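Quick one: this structure, given as structure tokens, is what I'll be asking you about.
For reference, chains read A, B, C and D in written order, and residue numbers begin at 1 within each chain.
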Amino acid sequence: MNFSSDNAYGACPEILEAIVRSAEGSQPSYGEDDFSKRLRARLSEIFERQVHAFPVITGTAANSLALATLCPPHGAIFCHEEAHIATDECAAPEFFTHGAKVVGIAGEGAKITSDAIAATLPNFSRGVHSPRPSVVSITQLSELGTAYSGQEIARMGEFCRSRDLYLHMDGARFANALVGLRASPAALTWQAGVDVLSFGATKNGALGAECVIFFDAEKAADFEYRRKKSGHLLSKMRFVSAQLEAYLTDDLWLRTAARANSLAGDLARALERVPGAKLAYPVQGNQVFVHLPDATIARLRAAGAKFYDWQTSHDGRTLIRLVTSFATPQSAVQQFIELAGRA
Amino acid sequence: MNFSSDNAYGACPEILEAIVRSAEGSQPSYGEDDFSKRLRARLSEIFERQVHAFPVITGTAANSLALATLCPPHGAIFCHEEAHIATDECAAPEFFTHGAKVVGIAGEGAKITSDAIAATLPNFSRGVHSPRPSVVSITQLSELGTAYSGQEIARMGEFCRSRDLYLHMDGARFANALVGLRASPAALTWQAGVDVLSFGATKNGALGAECVIFFDAEKAADFEYRRKKSGHLLSKMRFVSAQLEAYLTDDLWLRTAARANSLAGDLARALERVPGAKLAYPVQGNQVFVHLPDATIARLRAAGAKFYDWQTSHDGRTLIRLVTSFATPQSAVQQFIELAGRA
Amino acid sequence: MNFSSDNAYGACPEILEAIVRSAEGSQPSYGEDDFSKRLRARLSEIFERQVHAFPVITGTAANSLALATLCPPHGAIFCHEEAHIATDECAAPEFFTHGAKVVGIAGEGAKITSDAIAATLPNFSRGVHSPRPSVVSITQLSELGTAYSGQEIARMGEFCRSRDLYLHMDGARFANALVGLRASPAALTWQAGVDVLSFGATKNGALGAECVIFFDAEKAADFEYRRKKSGHLLSKMRFVSAQLEAYLTDDLWLRTAARANSLAGDLARALERVPGAKLAYPVQGNQVFVHLPDATIARLRAAGAKFYDWQTSHDGRTLIRLVTSFATPQSAVQQFIELAGRA
Amino acid sequence: MNFSSDNAYGACPEILEAIVRSAEGSQPSYGEDDFSKRLRARLSEIFERQVHAFPVITGTAANSLALATLCPPHGAIFCHEEAHIATDECAAPEFFTHGAKVVGIAGEGAKITSDAIAATLPNFSRGVHSPRPSVVSITQLSELGTAYSGQEIARMGEFCRSRDLYLHMDGARFANALVGLRASPAALTWQAGVDVLSFGATKNGALGAECVIFFDAEKAADFEYRRKKSGHLLSKMRFVSAQLEAYLTDDLWLRTAARANSLAGDLARALERVPGAKLAYPVQGNQVFVHLPDATIARLRAAGAKFYDWQTSHDGRTLIRLVTSFATPQSAVQQFIELAGRA
């Protein structure tokens, strides 16, 4: 019963097989291999447009390199105050951008609105005394498991264009959002004004594979230098590209995301019926945020369930986070539901 | 016939199997998994001392993070002028250290001596006007395939202690050097005064796995923060640790290095007998630097051989580099020798 | 009637004379001159302790260099959310520290409390995923003109020691606070636990002179390298030191601050009697924050008065900031009072 | 007899008077004052073109900010191996550029040629593995007192344009070169292809004033943000601008440079006649490099002469550097000559 994170599980068999297959023979190094070439073509198909795609090994690298490519050292990046880039990456964006300002903004369900950004922009309008507004970063799924609809993204994209800001999407759980929203990759990204996407695969079945995807060659200009200079260009890059290729083959990524989402839905529906339980946010992917009685939580932990407290206990209840994944056993979900439901 | 680099080949079967095995079930993320714990214990055994070991995914990350941990932004790092950190990493050490100076020094066979460093130190003795001498970095094997003997390292270690400098070893080909020198890991590192080792596995059979090893806890103090902040802490770190664990099991690393070295020896002995050929440096690992007649080179390339020119043609001959690896086919070596030897 | 800032006026005659006198003859450069030596001795007298003092030319340089000396790239700095270092220096601390996190915290009168910091520390207790709490920075006078009492500072100092944090004081208006509080320089700094002080003189009569003062040699260790590397070591440093020496001679600094404070007091007392006016914060130095009817403000501006709106109009009144200085003419104050008081 | 550097002397009376005058009354801060506005107009006149000029307080700041504006973090800057930016600024350019590579190149008389740069460019042509060639920086006067002629600069400018490189001139002693070469400011800069000039005044009579001059608005785009973020935007900027304005009034800068050059010429002509003495480089400004018998040197030092050894003693002679300035007393030159000439 490990619901601590979707990175707690290993990797899909299809992806492991692809790694093993890719190990055969010699290949050019540093991304000139056949796997990397095929990957680039495949991503262009999926996104219905020529994309400029660069695999890396972690989400922090993907986000920080994407942001550093678009934001000068004296720039400001606007995101939700609980965004991963603001709270969970040890200020990596500040390091990669050489000192840009990450500005956290409040918002329901860990989502930000263009109105909220517009309201803070006057603080950055006094010339060189404050950093220059440069990038907006949204997280899909958000830190609270909610999704930005295509319309919401499009509104943000329009706002960004009107204010001369770039739009970055941290898509660590992009597949889960996509499946939940039943939308196309294109519709949720460049068609809605996204300039660069951190396309995550690690949480959804890869061993360690993310991809920074620019939808415009010009904006990607310096990326490859930055990736090399930060130690994120692997000599045997084929192993990362092979993971991503397998991930995108026969809809594997959509199937694994659908499975995780479905388990989260099962959890949500069951927990709603538990006396004293209360869902905190709509479940739009593979994360369930639920207030549970402290006694219930103690019982679950005693039985070996793993999950994080999201807010400390209040009124005898605690807000916890449950994350399902491509590999969470169905039985773990059943066991959790049963334990939670006991009087 | 791919002799371009030891990173042109895939990965050892034992390492691939370890990856697949490690994918089972759930594990704590970010290096708290069982594989990472066992790896730390295993490395302490091999180095005959409690070590502080941190896996990363590339050699550039290993070198730069090690250097940044020991060298302040206003420090100077002394290395050979052809060292990987000076010429092949897009100035990554300068980025990770936030602007330290990498000072390249000349030396036979791509090796530096303490005398040569001592001779340049007066340039760094004018207080704050020049960076503060902080670290010496040596490469084992060197960029020209030569090895520092235990005695040479110990001499450098003594020099460093006497000048209040740290000693870093870029051990991208540490196993090849170890096998060539028939010495113990301890003798070539901390017993000789090395403070931190970039312990390479990628070139010698791993898919993507290096390890930064500090021999003194105090010096490792900030490393983990720096690794996280630069995006080099993998959530599913077990996949990197599993590679290193397999690499160190049943002497796999020594066997793969021995194989690569042996093939290089075969090449060297055969090429010495080729009319017009001349070995440029002693072959002490898995790299052969040889002057060959341009006509011979053209014939080899026409037949599909891959390798790099190291110096442009001079007097009808060109200096080329041949690198063998854990997976270079014996037949490729034979074919190369045969082609090179033809009149 | 220029109340826009205390940096709008030139420099004291005594300081200008000192500059002219210091220009005579030759002197060693880069701070080895006689003026700089005498300054260091004088500051040790004033602070009743051996201090380690380094002149620089701007407050942003003083703050950022002080912070970078005490905070690692992966550290967090806690300050008021309206602190100069957080909002007015274009993220200079992030640049000088190479990416540390500046964490803004709310607080009455632009002052922070140890309780408020303690409440946010749990967000920084998840190991390497968030920056390491390293420094607390308080501003004396605060951005809203209020002063930290000796007791408040001592409480913060104790808190910092208990949490292994350094305490920095941005003393851009240190003299104004000192005069207002009738306390000794020692009592408001090291005796209360302050580790490093940005000692400002520019706003209080110097042409361009600040001084970073460490109270402990060990903590100042790297400062001089950082000052040089950031271009803040002047070759003709005597001109900066001479300003500071004159500033500290015959209590000039206390006299100029007393004058500015007294004018602010005059303004405050008079404005309190203006119908519709309301002081927003206690006036504890040379800044007056007052809500005035918009009509009154319009009349003042029409007559040539210069000052900043601090909050946009609300209920027919706007919060404005008035700053007095060593050189603000008495007549300007009288004229302002008269204009404000008219029906 | 202080010939140690041209920064050993104070400041011209005209400049001191301008500072005192500029202190009167209130002015907008941060460079919006009248002095700064007039300065920009005056510089455009002098350079016969609309320039984009930004005062700063040190040469290190001027050089580093200019370079960081033109060179990305992953760029390479080519300069002479003895250039100030390479050896005397504690790697400040590496800090301001966030890790660019400063590549030192050998050359006669501390000058570099386009041929020498062209010869090293192949080392930077392997894609992302080495930094991208971005800027060439030349020093006028060079570190050995020699000047680049207009023709030499024009040749370098052409080379830079052909290779897509920017051309920076470190003009710490620009006035001395100008006077020596009897050329116009325009001819030695933008007309010859210089993109940005560090225009020095401190060594030639200012108290602390340099100016970064871009000849093309587009290239100056980010400069002001970088200046603020590094703490180099003074609130009372008028004091720096007033210095530069006085410096450029009534040809003060040319008169002080002519005086310094003339004294250097006197020294050179006299020393040539000293038995055992030998000028090392042509004297083209205010620096004299001369080999003198060690006994002569000892006698001079015993009499109180101050100067730097440039190379350690060899064959009983040492290469020393003598620098004259706007304020070096004529009598000091005479005394030195007399002492040097004694049998």
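Here is the rule we go by: contacts are C-beta pairs under 8 Å (C-beta built on N, C-alpha and C of every residue); 3 or more make two chains touch, one makes a residue touch a chain.
Predicted, not measured: the structure shown is a model, and the values here were computed from it.
In summary, the chains found to touch both subunit B and subunit C are A, D. Touch-path distance (fewest steps) from subunit B to subunit D is 1.
Centroid distances from subunit D, each centroid being the mean of CA atoms, peak for A.
The distance from the centre of subunit A to the centre of subunit B, each centre being the mean of the chain's C-alpha atoms, comes to 34 Å. Between subunit A and subunit D, the centres computed from C-alpha atoms are 51 Å apart.
Subunit A and subunit C have centres, each the mean of its CA atoms, that are 42 Å apart.
Subunit D has residues 73-74, 89-92, 95, 98-99, 128-129, 131, 225, 228-229, 233 in contact with two or more other chains.
By the touch rule above, subunit C contacts subunit B in their complex via residues 30, 72-74, 98-99, 127-129, 131-132, 222, 224-229, 233.
Contacts from subunit A toward subunit B in the complex involve residues 2, 4-5, 7-11, 16, 19-20, 22-29, 56-62, 64-65, 89-92, 95-96, 202-203, 207-208, 225, 228-236, 238-240, 306, 327. Here subunit A touches subunit C in the complex through residues 73-74, 76, 87-92, 94-95, 98-101, 123, 128-131, going by the rule given at the top.
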